[in-house]
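In the two assemblies presented below, subunit A is common to both, partnered first by subunit B and then by subunit C.
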Partner chain A sequence: MRMNAKSAIRYPILFIVPALVIYMIFFIYPTLSGFYFSFTDWNASSTEVKFVGVQQFMDVVQNPDFTLALKNTFLFSITTTLGKNIVSIALAVFLTTALLTRNALRAVYFSPAILNIVAVGLIFQGLTNPDIGFVNHMFRALGLDWFAQGWISDPKLSIHVASVMEIWRATGITMAIYIAGIQNISRDYYEAATIDGAPAWSKFRYITLPLLMPAVTINVLLSLIYGFRMFEGIYFLTQGGPGTSSEVIMTMVYKYMGQGLYGYSTALNLILVVIILIFSFPILSYLRKKEVEG
Partner chain B sequence: MGIFRGKRGFKLWIIMLLLLSAACSNQSNDHRDASQEVILDFMVTTENLSDRLKKVIENYEAATGNKVEIQSFPSTEYNNILKTKMMSDDGPDLFVTDDIAMAQFANPRTWFTDLSSEEWVTRLSPGGKQMITWNDGQITGLPITNPGGFGLMYNKDIFEEVGITELPTTWEQFLDICETLKKAGYIPINIQLANGSEFGTTHLMHQLFANVELTRQDKIQAFYEGLNTNQIKLADVSEYQQALEQMVELKEKGYTNDDFMSTSFDMTQERFGSGKVAMHPCGDFVLPPMLANYPDLRVGFLPAPFNDTPGAAALYAGVGISVNAKADQKAAALEFISFFASKAQQEQFMSTAPGTNVFADVKAEHNMISQDLQVYIDQGRAFMLLAGKMEPWPEMEARKAMQEMMLGSKTPLQFLKEMDQKASIIAKGKKLEGW
Partner chain C sequence: MKSQKLTLRLLEGVLWMFSAFIFVPYLLVLLTSLKNAKEAGLFTLSVPSEILILQNYKIVFEQGYVIQGFVNSMLIAVLSLFVILMCSALLSFYIARVKDAFSSFLYYFFIMGMMAPISLVTTFELLKSLDLINTRMGVAMIFASTLIPFATFIYVGFVKGLPKELDESSTIDGCGPYKMFFLVIMPLLQPITVTAGILVFMNVWNDSQIVLFFLNDNAKWTMPLNIYRFYGYYRYEWNYIFGSVLLTTLPVFLLYLVGQRFIIEGMTSGAVKG
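Our next item is the complex of A and B:
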């Protein structure tokens, strides 16, 4: 049966419209209204919403906690991105060798990823309690009292403990993506390298890593973005404390939202979105250039 | 898809639009059936929908023939749902807010009906009236959880064992008592500053801050007005600095637990209940869970002294029920509040959860903390906490800064200066006058 030109265009439109309407209502509209509210004085104690322009953003950057929160956000994002990816590449390489227990070990290393992040935060809170926590008990039992630290109660260490927690939690899922990537690499390359007498490190450096770059791109980018917008992990572990020592942008957003400063916290959130965009695109572009065809 | 084309299609579109608009329209008319039965919408947090409150509702329904339709939501979602409903003029007739006094700062004032001219207001005790009255003199709610006060809960058995027979009336005497307790092997004061449990220590701060009411008695209204309009800075209030210095002194003299940064609410319960610590800053809300585990515990309550005075307690009003200013069934909602305020209902309400009551004529049983607090209320030595008086007071920030102050990385003056900075952010965000 032949369709005329009108029918040919009608059906694609009919299929697109419902999805587009849902997308507009649940994504475009909230995003644009969030963008608008960041330029207003919207707050809990008033029913009037006034446009205040960029003044809101100037107030946000002058907040004494903003610089520290920004620094912590970068520190957390970079540390967790490096940690998650380096550890998981090492695990992926190790768990794709002819190891008898590799399937059991994959399950073990992946298991933290299925835990709720709130539960992980509370577990780590218990583990790193300086007085009754398992970590310090273990160090003291081993006679390594020097290693028993204040952890989440120490303003100098709290953000690093949060980073370690996130690396522990998310390494499994990053590892799974790397394992899938390694399994897609043709064995021919390794056989040829073995015949040429290449050592293990050279095989990794010149075969595995270049051919794994698509997986590296996706993992690095996801880790970076997830790190920038981390909230639950830090909130349930330290609540941004002690003091403001582990405050990140998202915990500030939550705090000011809780204080009823909706416009202010939306402005903070918008700053974070801009930061994520500024850093994600160049990194994506750089990593894509490093990808090679297998 | 031909059914949506042509004249027939146009009619179908119109029918669909009408159905849609009917589905989205205001439902208020649904609340009046043919027999004119009044149905009151009541929004409440699930955590505060107690059995004793349900009993009041049951009694009201039996007495009036009206119905109360309860919409309960977990507190994590409650505020957002209430705001959405209020802003779309679809708010409930009756709703609850967290602490009545603090509600004046956390919500638009236009939501609330002023109840100050209601008949039952004349029956409020002076202390009770003070607890639930807003800065501008409005009364907008009645407590559905017991109001109370912050001070120090102490273990009577420990005090008796070490020979403390009289409660301290000056700060020097208080330090002597702490020394006695310390020498006897007890932790004199438990400080609770683990992340998420810091409120246990800001209770002590609020109690000591309340002394400003005694030192500035007749100028107190002007003082709070000054704080609210940026004419007085927290860092310039010598009483506040003195209060914080007293707290730091306790730590420096070794009268607090060393592990305060990892001490949580649960650890406090265990330590106090098992008799390891002698005093802990709190309100009477800590009693029910503690007595459930340690039923033989005997506790008393005292405000920590301030300089050479016995000190004042800080009051909180409790979760309150209010009438929506735009309620569909306003008359019935006001009738419900009057019914709840009646002597008989209040006495029944208090019978299952002893504590402080705001009415002068209500015979309510006290708990171990509230009976001592009542003495301070009657003596005029108990005042609303700063968070219920100063609109831009940054309570959450204070809890975190308290950690730094007790760790020694901030002095009391630096703490207050930081609170001034944070208050300024809130005040500017809310466009308060003078900021």
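Our next item is the complex of A and C:
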């Protein structure tokens, strides 16, 4: 009965069962049923759930708060993606040179990433409080009163403060991925370039950057998705305020759930899923193509 | 060559100078937590006129739900960690070894979970119907469902690097698939389990949104949310607030000092090699 050993190795389907059960019940099921409920008027004040179809989405789109939240979501996601990636590429390049205190510097620049967002939010409230905050103290002490702005209490600036906070907190993670990417690049390229007398900038431009592209793609993808889904970084800094000025889609989802407008809340959730899919699919398929080629 | 060395030293100096962006907020938290309320509210880096380390931290410790938060954080983190690592290791072994359409579908099916946001309302309703709402167990299950994809992503790359001959020889030696996994493969997964474990632990420990969404009972809140609860009571006493910030980030900071190499390498292993 027994075949040769090679074909006798079995990988029973039971290996995937625990993960699949938890994932299906606690993630896939609520996600899919959320899609359904986003076409209904499900709410806390009536027991009956009526199907309202795309009318729900018409209502959402006409809500001025939604327009603002959508704009903020994009602003936050794009600003943090640019900020995190530009700063961290520079840091990664510098922190892979022969510095004496290289490891200490890496540890320092990475460290904000290990703090929880509630703590970071409170630190930034202390930094950016318009009257007593540290940042405005600094500007006034330097005689740069013009720079002392309202920050988190200014409806025009609050979302940007949240972006800066996220860049401050998470650049270290992006940096670590770039450092690993740079370390994977063969030293031979740089030696050859040195023999040819290439200046540092050319080495960066023609060796580091092109060979770092896979890491750039993954970092951009991760930062964009993370930015689109952001809730904590807004909620624990400004709570979406002042007014609704720094509201993003996820904070609106939470707000409308609290108001008992369940169908409406799931509709906002679905819109966010669609946005994330539209932006990540091109990047993901590019990554897969690279994988096949590489 | 000499000028190159000089450039490097100069670069080093500049990088330490810019680290002020990191250190100044830390220092502000530390100094403020030692001051009296009046001085603390000024948010300056001045040396405190009186150092109230005992008085301030006594209040934080007694009223900041530090012990309660720590116990809750530990319970939730350990429970989630166990479930996530067990499920992901098994799943990724299957995905890495079985080469068919279903297996690669599975991989992308789980990776999708890293992209989509949680559906708040329906997840809440689900937990309610399972009697898991307001329970640490329910929250741990949500953490599991959102972090199994992440842990699997990290594991799969590593398992692919383990030679398949291992499976063959252990099968020849008479191991069934389960014995093979637990006795032969699991021990070899140890380095990546440490990495994945630290990352999952940090993710769960630092999270504040899943707990906020699905645990209304604040006696079950974790450390980050207890800072927020404490802040609600002492809105203007920043010496206490920053004391609470410092005290609750301390466990993670200590973990970071010990496991720094694993943490940084771990965060990158999945992304770069995966």
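In this text, the second predicted complex is superposed on the first by the 260 of 294 C-alpha atoms of A that agree within 3 Å, B and C clash if a C-alpha of one lies under 4 Å from a C-alpha of the other, contacts with A are read in each partner's own complex, and residues count from 1 in each chain.
Criterion: contacts are C-beta pairs under 8 Å (C-beta built on N, C-alpha and C of every residue); 3 or more make two chains touch, one makes a residue touch a chain.
These numbers were taken from a predicted model, which means no experiment stands behind them.
K.L.:
What is the contact status of A:Arg229 with respect to subunit B (first) and subunit C (second): first, second, both, or neither?
P.N.:
second
K.L.:
Check whether A:Pro210 is in contact with subunit B, with subunit C, with both or with neither, and answer first, second, both or neither.
P.N.:
It touches nothing on subunit B or subunit C.
K.L.:
With both structures superposed, pick whichever of subunit B and subunit C touches the larger number of subunit A residues.
P.N.:
Of subunit B and subunit C, the partner in contact with more residues of subunit A is C.
K.L.:
Please indicate which partner A:Ile132 is in contact with in the superposed arrangement: first for subunit B, second for subunit C, both, or neither.
P.N.:
Both partners, subunit B and subunit C.
K.L.:
Would you check which partner chain A:Asp59 touches, where first means subunit B only, second means subunit C only, and both and neither mean what they say?
P.N.:
A:Asp59 contacts subunit B only, not subunit C.
K.L.:
Under the contact rule defined above, give the subunit A residues that sit at the interface with subunit B and also at the interface with subunit C.
P.N.:
Dual-contact residues (subunit A): 10, 129, 132-133.
K.L.:
Under the touch definition given earlier, write down the residues of subunit C that touch subunit A in their complex.
P.N.:
Residue positions touching the partner: 8, 11-12, 15-16, 19, 21-25, 28-29, 32, 41-45, 83, 86-88, 90-91, 93-95, 97-98, 106, 110, 113-126, 141-142, 144-146, 148-149, 152, 167-168, 171-172, 176-178, 180-181, 202, 205-209, 212-213, 223-225, 227-228, 231, 238, 241-242, 245, 248-249, 252-253, 255-256, 260, 263-265, 267-269, 271-272.
K.L.:
Contact residues on subunit B for subunit A in the complex?
P.N.:
1, 83, 87, 105-110, 193-196, 198, 259, 261-262, 267, 391, 394, 396-397, 400-401, 403-404, 407, 409-410, 418, 421, 425-426, 428-431
K.L.:
Which subunit A residues qualify as touching subunit C in the complex?
P.N.:
5-6, 8-13, 15-16, 18-20, 22-23, 25-27, 29-31, 33-34, 37, 42, 94-95, 97-101, 105-112, 114-119, 122-123, 126-127, 129, 132-134, 137, 168, 173, 176-177, 179-181, 184, 214-215, 218-219, 222, 225, 228-229, 231-232, 235-236, 250, 253-254, 257, 262, 265-266, 269, 272-273, 276-277, 280
K.L.:
Quick check on the complex: what are the subunit A residues that touch subunit B?
P.N.:
Subunit A residues touching subunit B: 10, 14, 41, 43-47, 50, 59, 63-64, 125, 129-133, 150, 152-153, 155, 237-244, 255-256, 258-261, 263-264.
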